[in-house]
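Structure provided below as structure tokens; questions to follow.
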Amino acid sequence: MLAIVALVTLPLVAALMAVVVERRGEWIALLSVIGVVIALSVLMPLVATDGPVDLVIGGWQAPLGITLRADGLALAFAGMAALVMAAVLVSARTLYGASPSEAETRGQWAFWPLALLLWGALNVAFLSRDLFNLYVALELLTVAAVALVAIEGKRESLAAALRYLMFALMGSLAYLLGAALLYAGHGTLDIGLLAARDIGDASGATGSRRASDIMAAGLMTAGLAVKTALFPFHAWLAPAHAGAPAPASAILSALVPKASFVILLRLWFEALPGLTTPALLATLGGLGAAAVFYGSVLALRQNRLKLIIAYSTVAQIGYLFLVFPLAGGDSYAQPWAAGAWTGVIFQALSHGLAKAAMFLCAGVWIIAVGNDRLSGMRGLASATPMTMSAFGIAGVALVALPPSGGFTAKYLMLTAAFASGQTIWAVVLLLGGLLSAAYLYRPLAMAFSRDDDATFAPVPRSLQVAPLLLALAAILLGLGSQAPFSLIQTGRPAAAAEGLE
Amino acid sequence: MIASATLFGLCGAALIGLGLYGFVVQAHLLRRLIAFNIIGSGIFLLFGASGARDQLASTDPVAQALIITGIVVALAATAFGVGLVLAFAKVTGQTHLPEESDARQRPLKAGLPDRSVQTIVKDPAG
Amino acid sequence: MLVDGITCALIGAGLLFFWAGTAGIIRFPDTHSRLHALTKADNVGLGLLIVGLALQAPDWLTLGKLAMVWALTLVAAGTTAQLVARAAITKPAARRGPASTAAIPGDTVRSKDRAS
Amino acid sequence: MSGLAATGFDLMLCALILGAALAAIAVRDLFGAVVFFIVYGVFVALAWLRLEAIDVALTEAALGAGLTGVLMIGAVSRLERLTSRDQDQDAAGPQSPPTSSAARIATMVGAAGIGGGLAWGFITLPPSAGLQLAVAENLAASGVENPVTAVLLNFRGWDTLLESIVLLAALIALWSLARDQDWGRRPGLRQHARPGGVMATFGRLLPPFGFLLGVYLVWTGSAQPGGAFQGGTVLAAVWLLVMMAGLKAAPRVSSTRLRWALIAGPLLFIGVGLAGAVAGTFLGLPTAYAKPLILTIEAGLTLSIAATLALLVLGAPMAGDGLGPDQPDKEPAR
Amino acid sequence: MSALLTSAAGVLLLSLGGAMWRIWRGPDAADRMMAAQLVGTGGVGTVLLLAGATDWRMIDVALVLALLAAFAAIAFVKAISLDGSGDPEESDDVAEIVAVKATGARAADAG
């Protein structure tokens, strides 16, 4: 129980301390990373063997109080977030670290609390069972994320931050309105208690299918989709993620969309499974498929590395939404639903690790070259071999080649697609993989082409190690998939085993 | 009590619609923030009214607490938004976002002041 | 009963002043005279309302709060009326909207994008 | 009779709220929109009174109508200065193309559809008392008599803790928008007023009242409507007024004392929560100590909220003109 | 009495419609702000009447409203002052200093 408390409060306390303590933000962040890693290493085996652990805050049971629950889904994402944050904090030291003798600068002061607050908000979003508490966490996440986009103060990043803020604010409002309607209708905001009311299941004793419930579900889904940057709400993502400094981009792209996606999973699989209809599932899947193609095509057309990586996120987020049709179907018992659920979580984890690695690689190359244009990348492979291999390995995970975590994900999802007779989604998965190979080929080819005249600024080794470790973690996720696989199964909602609708 | 709750709930729904229209149609960023706040208070009214429709006692205290939290959070977002708009205006001299196509980021044109009046609505009084 | 009657009379008179203020702010031709109308309503209308309500006050705390509301509005109305009037008369800026005059040093638009 | 008068009042209030909102969106002039928005806040506060939600009405009056309005007024003024240089003010530049009337009508239809749908959903909701009963049952164990405060500080204290951190996050985010060379300076424009003038006098006269009111609202919040957020907002307004009247300059963002004040509330709150966690329940307030603990947390929160809100209104640190009684910034504090 | 006070609150509220009209029409910023002040004072009066009609605890809202209305007015006066942070009572030479400083800073910016 103390471990759960540590998981959600340590980053927040660290952020508060980073506000007052001058020029030592990096060390405070490091301490909190160590603390969270310890908490996770206590919690993960415990949860994997004994099942989910609840933390009833203040001792007030829902519906009056708020409960945090450490289940497999929450811990898997919290673990991924901790890995990414650790790597990012190491990489950000060159940009925002300060020696205690120098005067404090704006970036050195602002980056650490913002990154830590974002992390704290993420952990709350993964663990909380209360829809309104999740709203507050999402707002904290949004404010910190937008600030990180704007932190360089360039006109492009300010414009990107504003666009992001406008989208995110509307998303928050839609989500809040939905949560308010659910509370008004059912007198609780707790996901478990909502599930117990069988909302939408008119056949049950307590169930009903009310206009306000359908509206609430639609509004919350739309709001969360905006925050996850699902096509067609993706317009804010690429400029925002590409406009931020590399460590911030890594957090933004790898972690931030995952928070709203986890809430979306919990909403449909745990709280309101009775409200799904085949048309809704197909729509969400269709938007996901559109995102895969549209994001990939846009990634193919970019001439800047960070934009390629950012548009790739649009495409990769599309895969996540395939869980809805894949876990659906029309027969009774659906053995594939659990596979689809697990596969999508693997996809999210693998994408998080690989994408963070790629943005950190881009950061290394920006230091070496001075910008992130593809044309400037000639000869980088021989100049920065370690970073090059990190990028390549991350690419393997992104394209979902074996033995990466991405491959495990695609394998599970493909199996689900074929088993449920929904071949169309299998086609999306396969074509998407080809497209991602295509858009990653261009920077790779450019980096491997020889250019003997090119001179690069030296890059500290510590900066190059972090992305490599992250990329290796993405591979390890596939090689040692047994442990995460069983962790994800703990506390898996019933709908993820029996299928939606 | 029942009647006023219903009335204010409907008023909240109307405010959400109004604010949404304003948010979509207007390009001026400050006006969009105003529209955001109008939607927000519409949501709160709807929420509060739904908790006040039982005539047994006063408005649901949990709903009230959530609304207070919501108002504070909205203010925080608004204040940061205003700061962002000012920073953007300081760098570009503009008060709205440039149109942006997906494929390529067009560079911002600097230095052109925004004097556009986005709404063309007749004065209802005359 | 008598107290209730006095309350009604005072509140009625207060409302009359508020309506007079509103009429003034609609009908008077220029900013300065409208300001005059506003101040009347503020000071006298609200004052009458408060005296009327004070007769109904259940306890001393409420009475004290009523007095504080009145004091607050009196001071605030007096101050702001004077300042707004001065601003409206002396500064052409007030005619069109806030600030259409000089730019401030710390706040000027940078001619070049500082980062690129 | 009473019902009729009340219904008439409610109808009129709804009309005014909608009218103010419509005008805030439709009026041509930006400053007019801001003024309508302030007026709108006043009306919405009245609506909360009609719904017998006095706590919310206080918050709306203080934050919605008050601070947000002041924030917007300042923003309009600064925006006009930032965008009005060397161009004829009324010349239409090549801005984003005005929304076509077809798009406008489509938006209108869509927004009306959403509003109408919500209205329908609202009407078809079965009446529910929410968690009123659960709160009433547990009120005795919460340590306070005001049910809203009980929810905010005890039953859902975790929400409130995160909320106070959101405020702080917004301030960090706002400050991070400063230019690099302005770091360490004072936030916002340098305020100045004629010493001994009307404004300066007002700035001396009002604070005692305001301070009393703010502290009273926090103190009374445990039994009656009021609390840390409402009281903190009033105190923020008082502090802002003192700064605007040129009596005291805003503190530098590099000030360590200021930074401790900003985090004191959230830190104290988390500290109490962690102490509870060690004793067995995270954020658990044992009934016997609940009231003093809540009052302590509220005192800390009030300080932090007041400071944070005031600074949020002031804006990012910047180089000012330095005309006030406080001397110009010669060098940014290093 | 309660009904009478509520009716009085309604009558007061109705008068605020006129102030809304003035905000719409302007023409000056000062006109708008003055009308908003009237709405603020009227709002305070309405709160007081409602408090008398239903629940005296509502009177705190009137206090907050009165305080913050005054504060908004000060913010407005500041906003329309010469440099956005001044006082209309400051003498003209202050205005001159502002202007000189502004040109100086522009020159520094350009150089």
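Every chain is named by a letter (A, B, C, D and E) in the order it is written, and numbering of its residues begins at 1.
Definition applied: contacts are C-beta pairs under 8 Å (C-beta built on N, C-alpha and C of every residue); 3 or more make two chains touch, one makes a residue touch a chain.
Computed from a predicted model, the values in this text were never measured in an experiment.
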Minimum number of chain-to-chain touching steps separating chain C from chain E: 1
Label of the chain whose CA centroid is most distant from the centroid of chain C: A
Higher-contact pair (C-beta pairs counted), B-D versus A-B: B-D
Centre distance in Å when chain B and chain C are each reduced to the mean of their C-alpha atoms: 27
Inter-chain centre distance, chain A versus chain D - centres from mean C-alpha coordinates, in Å: 31
Computed distance of Cα centres, chain E from chain D, in Å: 17
Between chain E and chain A, distance of the C-alpha-averaged centres to the nearest whole Å: 46
Chain C, residues touching no fewer than two other chains: 68, 72, 75-76, 79, 83, 97-99, 103-110, 113-114
Where chain D touches two or more other chains at once, by residue number: 6, 27, 29-31, 50, 52, 67, 73, 76-78, 81-85, 89, 118, 122, 125, 128-131, 135, 155-156, 159, 163, 166, 169-170, 173, 177, 179, 182, 189-190, 198-199, 202, 206, 209, 213, 320-321
Shared interface positions of chain A, touching two or more other chains: 64, 132, 136, 139, 143, 146-147, 150, 153-156, 177, 181, 183-184
Residues of chain C that touch chain E when the two form their complex: 4, 7-8, 11-12, 14-15, 18-19, 21-23, 25-26, 31, 34-35, 38, 41-42, 45-46, 49-50, 53, 56-58, 62, 65-66, 68-69, 72-73, 75-77, 79-80, 83-84, 86-88, 90-91, 93-99, 101-108, 110-111
Chain D residues touching chain E - in the complex, by the definition given at the top: 1-2, 4-6, 8-9, 12-13, 16, 19-20, 23, 27, 29, 31-32, 35-36, 38-39, 42-43, 45-46, 49-50, 52, 54, 57-58, 61-62, 65-67, 69-70, 73-74, 76-78, 81, 188-194, 197-200, 202, 206, 209-210, 213, 217, 220, 224-226, 230, 233-234, 237, 240-241, 244-246, 320-321, 323-324
Complex interface listing, chain C residues touching chain D: 68, 71-72, 75-76, 79, 82-83, 97-100, 103-109, 114
Residues on chain B engaged by chain D in the complex (per definition of touch): 1-22, 24-28, 30-31, 33-35, 37-38, 41, 44-46, 48-54, 56-69, 71-73, 75-80, 82-87, 89-90, 93-99, 109, 112-119, 121
Contacting residues of chain E [partner chain D, same complex]: 2-4, 6-7, 9-10, 13-14, 16-17, 19-20, 23-24, 26, 29, 32-33, 35-36, 39-40, 43, 46-47, 50, 54-55, 57-58, 60-61, 63-65, 67-72, 74-80, 83-87, 89-91, 94, 97-98, 101-102
